[in-house]
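First chain A sits with chain B, and in the next complex the same chain sits with chain C.
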Partner chain A sequence: MKILVCIKQVPDMESKFKINAEGTWYDGIDLAWRMNEYDEYAVEQAVQLKEQVAGSDLTVLCIGRQQVQETMKKALAIGCDRGVHVADENSHQKDPFEIASVIAEFASDKGFDLIFTGMQSQDRGSAQVGVLIAEMLGMPSISTIVDFAFADGQISAKRELEGGIKALVKTTAPALVTCQLGLNTPRYPTLPNIMKAKKKELLSVEVADLLKVEAKQETAKIYFPEKKGGGLVLEGEVADLADQLIQILKDKTAVLA
Partner chain B sequence: MEFTREIYWNVGHGASTLVPMYLFTFLAVALLINEARRRITAYRQGKPLDRTDQLPVRLVMMVKNVLLQRKVLSVRGPGLAHSMFFLGFFLLFIGTCLIVLQADFTDLFFGVKFLKGTFYLLFSVILDLAGLVAIIMLAGLLVRRYIVRPEGLDCKIDDLFMHGLLFAILISGFVIEGARMAVTEMGTPLAIWSPVGLAFAKSMSGMTAESLRSLHGVTWWLHFALVACFIGSIPFTKFRHIFTTSANYLFADLGPKGKLATLDLEDEDAESFGAASVQDLSWKDLFDGDACTSCKRCQDRCPAHNTDKPLSPMKLVQQISEAAQHNPEMNLIEACDKDAIWSCTTCFACQEICPAAVEHVGKIVDMRRNLVLMEGDFPGEEVMAAMEQAEVNGNPLGIGYASRGDWAQELGIKTLAADPEVDILYFVGCYASFDARNIKIAKAFVQLCQAAGIKVGILGKEEKCCGEPMRKMGNEYLYQTLARENIELIKGYGIKKVVTSCPHCFNTLAKDYRDFDFDVEVESYTVFLERLVAGGQLKLKAESFDCTYHDSCYLGRHNNLYEAPRNLIQAAGGTITEMEKNYSEAFCCSAGGGRIMAEENLGSRINVKRVMMAGETGAPSLLSNCPFCLTMFEDGVKGAELEESLKPLDIAEILVDRLES
Partner chain C sequence: MKALLVAEYRDGQLLGSTYELVAFANQLGAESAMFLVGSDSALPQYDGPLYLADSGKYSEFNPAVHKQLLLDVIAKEQPEMVVFAHSSYGWDLAPRIALTLGAAQVSEVVEIVDGVPVAPVCNSKLRRQVKANTDRTVVTLQAGAFGLSDEPSGSPTVEMIDTDSDSAAQIEFCGYEEAEAGGVDLSKADVIVSAGRGIGKPENLEIVEVLAKALGGEYGASRPVVDSDWADHSRQVGTTGQTVSPKLYVACGISGAIQHLAGMKKSEFIVAINTDKDAPIGEVADVLLVADLKQFLPVLTEKVRAL
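After this line comes the complex of A and B, so read on.
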């Protein structure tokens, strides 16, 4: 079984973000980088599937600068067999359609039975790349999965719907799934696997070789949300506080209507 | 008349005595050697470890602790009883040797007798009293074990056998002496030189010489049989500690105190890291369990054990020994119980008190290393998250690394990147960099240095966690990664001296980093400030206050720094009301051993227990010297409901309040 898992390197969300000079993305300095959280679930699930199906081969793909190879090494340490780094200094300027096209172009002749991606990235958060790849490759996709099972070529995945309802969706390989929080608990790579990962094949491909399309959208501007009214601290006797609170709820909300 | 006595009186010195006597002695010794060999083979399953270097130092340590019983005496009651018993039994052993030497060697071959005259009188009275002391002490220990029954003291069949056998040997010895004296020494001046024997002799005064002789003969052979039993049973029972515990002083860890072995992670041939089987540990680790006497001193002091967690350092060491001796294929981590392994705070109380030089902490960390490095296993998901945070942001708190130096913005100090010409590098550590409560300590320390005219630099966002919590939790790989980055950085700036306000950072930089060629001087802020105060550079306006003081494990036990922090408190005008558990017996705050990253889900809370001990002193403030302790105490006062009456503070805060303006 041939499996592909697509990951993205994103800044740690605890970082201090600044808007870049162009005003279209965040500045790259003073950021700590890591694997996109949802991609960690994707990698873990892909490795579990590889372990389940004997003779499987698992490729991890990542687009970006040289530094993304550090994140790829973690995926290799978790259990991916080989890595494909699509070298691109400007991946952050590409729209989801371009990114999906690059991956689909790479995957088109590889015959992957299953493709795993994260549900969305933590930085851009378009949640488009996974489903676009599936569309481009002409395979079914199941998005935001929280449970995954594979048996006899059939995939059974649970999706999380609004209000805690879950849907069970079945399809057959080849297919693509996008992974959501709750799918699994990503493992911590063991030292022997970290060491082995250093020796695994890590192929680098220029993005120009795979990019055959043009962007369909552009980011006009990114900005911090405007600060609107802070919290309100009420002080005084309990009885007064309760009255004040009721008044505020009546005036400003509809909860007591 | 010449003072002496006939050796082998009544039993004779012919072949009918000597042949069976030596035959059975040899049999007993053969039994001893055979089992000892079997056990030694079991120790040798462990990895090699050099513990025979610096032999003179080791011999001195052995003499101090075997003959002078120094460590044994550190717990007064039972320690004194054991020491006195040891002394008595040791003298009797020497006495017996002298008899053998004269009767079966010097006299037999050369006709030389030395047990005579004044020497014989001394010999007689000393051995007589030694026997009495041994009996009294043994009785005391028997009462302690079976009547007082201290909590947690194991009473196995071993103990009963040993008590019974020793009593029988000592009492039968006096019966033999009494019977002999009743026949040969009554009314002679010699008699008073064996006062206890004389008392036994007097109690037999109604018996005829005939029956005294037959009583003597029977008891003599019984006594001999008991001694042969004793010799033969040594390796099979806790009697083995006579040899193993003594030897363990010879093989003891000569330090630096508490320093863990650094793993070679680049070793391409290594198939496994850490310990999951007895073969993964060193021979000394497998030997330790045989040196353990089950005195339970470690268990009594273990903070995990004292808060109903599944760890007993004593049992863990014994479980390892049990596996090595009888079940070498078994999984060590299962044998010791994973929860027990994770419960350790590496506070070192066990090793500090152990009268058998057993090393508990390294074994626990070795098993943790296997869990983390080979299984990716942690005590909880929160610990794994903290490890990942340390990988990404260089701190286990998960705060963006770039803001690490933000706390210092208004203090007028620079990072080394901006200005590397400094008197000292203040290695701030994660908590004092990011945690609001501990940032106050970092600021206070810098202000104190500035007041003393010391130019301080920090690494700011370039600094990373020293790696201590990760290392103690078993993540040697992450520790080494962090350590190497910090070392390269600090050495790159050509720094001469590093000062830390966190004892965990201090211990790691000052001891652990040495394995990576880190040779820069490292000092605890307590020692550094104490010198500034003593030298008059740092002027304080002493203002009297009452407090109690908590010795952090890593400043106290791990580094023997007890006085510098106390001197600082006194210089600030403080009067310390000591807690019952202080200095080397201080009770951990719960956060060592990487437990700062873990939830405390088993048993009761260690920090609450410690805070309650502080509360019992009645002092209004609890001073400490460690960001982990401070964090735990801030939380502990809430748990103990002492928020109103007890205020946790760091020494630096007290000092900065008393700066002469």
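After this line comes the complex of A and C, so read on.
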């Protein structure tokens, strides 16, 4: 069974963001980078499937600068067999349609039976790429899954809907699923596996070789939202803060009465 | 400008998000038509043409078939914009439509400024204005971003639609599974103190729990805390958990993602404790205390007990 998992490297969301000189994206300098949270569940599910189906082969793909290889190494240490790094200095400027086109172009002649992606990225949050890849490849896709099972070529999954309700759905491989938070319990890479991962194949391809389309949209301007709420921000010693808060709660609420 | 609104229906009910689409079209001053796979027993209160496909026949969830039904209506109506809710139905169907139409899709639109859609970036820490390079666009709207000022009213002119592309069904929908019953009923609590990922480890849930008790309330949690099995799902606050509006909501180590805010922003008074002064929870908090919850909560609990 041939499996592909697509991951993205994103900044830690607790970072202090700055805007780049052009005003069109956040500045990539001085940020801590990590695997997109949704993709951690995708990688774990792909590795579990590989372990379930003997003789499987699992490729992890990531588009971006040289630095994304650090994140790819984590996926390799968790259990992916090989990595494909699509080298692109400007991946942050590409729209979901371009990103999906690049991945679909790569996957088109590889005969993957199952493709895993995160349901969205933490930075852009468009929730488009996975579904687009599947449409481009002409395979069924199930988005936002919180449960996944595979048997005899059949996929049974649960889609998460609003309010915690789930929809039970089935489809047949080849197919693509997009993974939601909580799908599984992502494992941590062990030290021996981190060492082993260093020897795994990590191929690099140029994005220009795979990109055959033009963007359908661009970010005209990025900015910090205006602070709307007139909320109070308090800093200082914890004991002082606690006293201040208690006074505020006494004044503004009835909960301490 | 003409907009086609893709209404939502689940388990025999029209979803309220449908009216957010109407509010959006009104705000744009757009002429609109509506598309729904649903039933004539739960029609939207809406003055305009409604293209209705029977969910009994085409299923409430069947992306390939719903796509075909919608594409037929788009071919007839020729809208400049196709509008979905940014929901489990909308974000699943919208890319399929956008790709076929060759249209730009702008996801999770929160507002329109000078005709340009604005979407959140990085957990709402940033915003971006999106310029589409295509004449036709597909948009999905963030839940709660657009709302009608009045109660919905009107009655649609219904046209039933059909497709013979049943063969395109690739996904079999086998029914719904309700959220687990049992656990606490957070909606009854006057005070909720919620733990977020900022608690760092499961042992620290206790300092949140004891503060909740000291304040005579219940403890809640953000999604990562529930996903990690540190707390029961019945305690999850947000779009995929509970919606609460207590007298006091205390968010401890919660960044304030839109999906969490949707479940608690109607609380009467909101206090946030966060080490990050710029955390988006500050947008809704009446008071943001910049502090490490591990140090702050025990001190606060002591002082509350001493009252």
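Just so it is clear, the second predicted complex is superposed on the first by the 231 of 257 C-alpha atoms of A that agree within 3 Å, B and C clash if a C-alpha of one lies under 4 Å from a C-alpha of the other, contacts with A are read in each partner's own complex, and residues count from 1 in each chain.
In the analysis below, a contact is a pair of C-beta atoms (placed from the backbone, for glycine too) under 8 Å apart; a residue touches a chain by one contact, two chains touch by 3 or more.
Since the structure is predicted, the reported quantities are computational estimates derived from the model, not experimental observations.
Peer 1: Which of the two partners, first being chain B and second being chain C, lies in contact with A:V255: first, second, both, or neither?
Peer 2: In the superposition, A:V255 touches chain C alone.
Peer 1: Return first, second, both or neither, reflecting whether A:F224 touches chain B, chain C, both chains, or no partner chain.
Peer 2: second
Peer 1: Using the touch definition from the top, say if A:W33 reaches chain B (first), chain C (second), both or neither.
Peer 2: The first partner, chain B, only.
Peer 1: Please work out whether A:I194 is in contact with chain B alone, chain C alone, both, or neither, and reply first, second, both or neither.
Peer 2: first
Peer 1: May I ask you to decide whether A:A208 touches chain B, chain C, both, or neither, giving the answer as first, second, both or neither?
Peer 2: Neither chain B nor chain C is touched by A:A208.
Peer 1: Is A:K16 contacted by the first partner chain B, the second partner chain C, both or neither?
Peer 2: In the superposed model, A:K16 contacts both chain B and chain C.
Peer 1: Touching A:A149, do we find chain B (first), chain C (second), both, or neither?
Peer 2: neither
Peer 1: Counting residues of chain A in contact, which comes out ahead: chain B or chain C?
Peer 2: The partner with more contacted residues on chain A is C.
Peer 1: Is A:K158 touching the first partner chain B, the second partner chain C, both, or neither of them?
Peer 2: second
Peer 1: Which residues of chain A are in contact with chain B in one complex and with chain C in the other?
Peer 2: In chain A, positions 14, 16, 185 sit in both the chain B and chain C interfaces.
Peer 1: Which residues of chain A touch chain B in the complex?
Peer 2: 12, 14-16, 30-34, 185, 187-192, 194-195
Peer 1: Where on chain A does chain C make contact in their complex?
Peer 2: Listed in rising order, the residues of chain A that touch chain C are 11, 13-14, 16-17, 19, 26, 95-97, 119-120, 122-128, 131-132, 135-136, 140-144, 158-172, 181-182, 185, 214-225, 227-229, 231-235, 238-239, 241-243, 245-246, 248-249, 252-256.
Peer 1: Please give the residue numbers of chain C that touch chain A in the complex, ascending.
Peer 2: 10-11, 61, 63-64, 86-89, 91-92, 94-96, 98-100, 102-108, 116, 119-134, 143, 170-180, 190-191, 215-217, 223-224, 226-229, 233, 236, 239-241, 247-248, 255, 268-271, 276-279, 282-292, 295-296, 299-300, 303-304, 307
Peer 1: Would you pull the chain B residues touching chain A in the complex into a rising list?
Peer 2: Going through chain B, the ones touching chain A are 265, 271, 273, 372-378, 381, 384, 387-388, 392-394, 398-403, 461, 477.
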